[in-house]
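Several structures are given next for inspection.
Shared between the two complexes below is chain A, which has chain B as its partner in the first and chain C in the second.
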Partner chain A sequence: MNNNELLTGAFSEALVIDKSQVTNELQYNSIKEWDSVAHMSLVAALEETFDIMLDTDDIIDMSSVLKAKEILAKYDVKF
Partner chain B sequence: MLSSNLLAGKVALVTGASRGIGLAIVKRFALEGASVYMNSRSEGSIDELAKQISADFSADVQPLYFDVTDSNAVQKAVWSVAKKSGRLDVLVNNAGIMRDAMIAMSSDSLIRDNMAVNFEGSFYCSRIAARIMMKQSYGSIINLSSIIGTVGVGGHSAYAASKSAVIGMSHAMAKELAPKGVRVNVLAPGFIETDLTENIKSERRKSVIDQIMMGRAGTPNDVANVALFLASDLSQYVSNQVIGVDGCMVT
Partner chain C sequence: MSIQALIDELYLEPVYGLSQQEKDQKILPIINALTLKHEECCEAYGNILKVRNDSSRIADNIADVPFLPVRLFKTNLLSSVRESEQLKVLTSSGTTGQQVSRIVLDKDTSVYQTKTVVKIMQHFLGKDRLPMLIIDHPNVVKNRQSFSARGAGILGMSNFGRSHTYILNDDDMGIDWEKLVSFLEKYSGGPVLLFGFTFMVWKYLIQALEKTGRRINIPNGILIHSGGWKKLVEEAVDNETFKSRLKAATGINKVHNFYGMVEQVGSIFVECEHGHLHAPIFSDVIIRNPLDWSEMPANEQGLVQVVSCLPLSYPGHSLLTEDLGVLLGEDDCPCGKKGRYFSVSGRLPKSEARGCSDTFQENRP
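For the complex of A and B:
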């Protein structure tokens, strides 16, 4: 499984949404499933999936799927 | 003291653990079978102490050096515990300072120092520990406040504010983390014989002890015993509580 598929799976599982909804354009708080509570589950899922520890500033900045990819790139997770 | 192995298999981190209440908690947890990371700020300062406690209690006690006011250092250190031990079950936010002064003589730096160590330090450690504990769906965070934070004492406005902040933070964290299986409680010690209180003049000391219905100052072990209860599964249905450890102090 490549990193795009892993990321899509993490978003889908953490937010309990269909994988087809996980697009670069999907934004935090744009759907009811991606609220602040779900955001913490998402962070945990991404950390577990990619075996990383996100900085607090990155958790706060993770405002979309595209932004998540940009942030993960800082942790050597390439897309 | 007999062990009931109440913390067998648990991993605990105690901040400000080189002496006083923190050190007593480390020893109590070690006796009860926990693996304990004891924190101090000064690199190398508690290497020997950790070895000695490990030997005395046949336990795994390791030093962990970081400054609780440095959020980056806190994140790295707390995360390293989870990476090394595979989990973090108990966090005791004990590191603290007491900078007291009458309100008109409380400098900006005195206010900031109290808040930085007592409140911000506890927040930084809890912030990363909570993330680890939520993933486990298990954990206990024990925050050290003070009777001064619950009822106030003249000449301690900044210290009182910092310790009250710990209580407010803990109430909010407890509510946020309870659904995730993480408990948050506060210990509010009264007059405990530690380095913080050893320089109090005898006249003042007597007047304080006169306010304690049990007739004596507390010991670090008195606090450690309650910390053990909150750390262990004996308190698995207890969260969001502020527990005074003050010998029935009338204030």
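For the complex of A and C:
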């Protein structure tokens, strides 16, 4: 699986949404499934999937799928 | 410049680095802009301003900004945004028979709240997320549609942790030893973040450990706690006692209490190593005479008024609380933080018990 597929899988599993909903434009708090509780699961899923440790700034900045990709890029996860 | 642009600038400043005078210059234009905005967008707030003797809306200093009694949010839903823009309604931690406050958040205010809490806490915890023990039971965050203030507080703090572990049982609030022991085996060698409401930490961690005679050892633990001292004051437990008994039972040296309330998002005043609560750049504190509401000088007890730059969606930028406190100084705390520092000594007699940790009801037979 490439990183895009891994990312989509992590989002879909953590937020319990269909993979087709995971687009760059999807934003935090724009759907009820991506709320502050799910955000914690998402962070844990991304950390596990890509074997990284996100800091508190990353978590706050992660306001969309696109933003998540930018943040992961800092940890050498390329999309 | 928009209010948002002015608020955004605050994040570029050090959280505790500006002198009171420099800070006032930064935040007063924001606070004044909020008064105007809420007058325009919240009819009830506008009506309240109309009946004041003072017709000016632009205050010359923070102490002249009009303030609302915090109690008003129990009786009225005060909102400055359309219903379609409401992201969520926070409620305070009222017990049965008490009225709860309702606070309307829109997207911007909610984002600012999270960002601000992170900025402030990073000052004490650093940027790395630490393994985190939560002194509460997991059910407290189960209902995602309506969090209690306690649940919301826990979730807010969860941003600072990883491997979140709730150490109390849902049914009887006893310590889940299996969970606790396996967490400690993994993490107790390094820094660990612990969070809980003051009364819960006292009763269900410190006292529970003392009763069983079991001791745990988390020498690099940092405990953050909040929610009010009322129940502990009734048991004659002060901050010093709390800290020394905590240390004896858990080995934890670093403890930071913080003061804040659901009615004013983002205003959290964290205790430094000298036991003083500090106002960050985003908020301020004024102590008022409970009889005539005049501003009290330092070292005299009065009512705590809190001021915040963040409430965009409801008129909560300047609130008179029912808490009693003392201004301890300005720009000169030995910990090095600039701005005002203070202590909170209790609640105005006759006001309700309403702190997050004060409202846990024990099961009565």
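In this section, the second predicted complex is superposed on the first by the 79 of 79 C-alpha atoms of A that agree within 3 Å, B and C clash if a C-alpha of one lies under 4 Å from a C-alpha of the other, contacts with A are read in each partner's own complex, and residues count from 1 in each chain.
Note that in this section a contact is a pair of C-beta atoms (placed from the backbone, for glycine too) under 8 Å apart; a residue touches a chain by one contact, two chains touch by 3 or more.
Remember, it's a predicted structure, so these values are computed and weren't measured experimentally.
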item	value
Chain B versus chain C as contact partner of A:Asn4, first or second or both or neither	neither
First, second, both or neither for A:Ile60, with chain B first and chain C second	second
Chain B versus chain C as contact partner of A:Asn24, first or second or both or neither	neither
Partner chain(s) touched by A:Met40 [first = chain B, second = chain C, both, neither]	both
Which partner reaches more residues of chain A (counting touched residues only), chain B or chain C	C
Doubly contacted chain A residues - partners chain C and chain B	40, 44, 47, 53, 55-56
Contact footprint of chain A on chain C as seen in their complex	87, 107, 110-111, 114-115, 118, 121-122, 125, 127-129, 141, 144, 155-156, 158-160, 162, 164
Contact footprint of chain C on chain A as seen in their complex	29, 35-37, 40, 44, 47, 53-57, 59-60, 63
Residue ranges of chain A in contact with chain B within the complex	40, 43-44, 47-48, 53, 55-56
Chain B residues touching chain A - in the complex, by the definition given at the top	71, 75, 79, 127, 131, 134-135
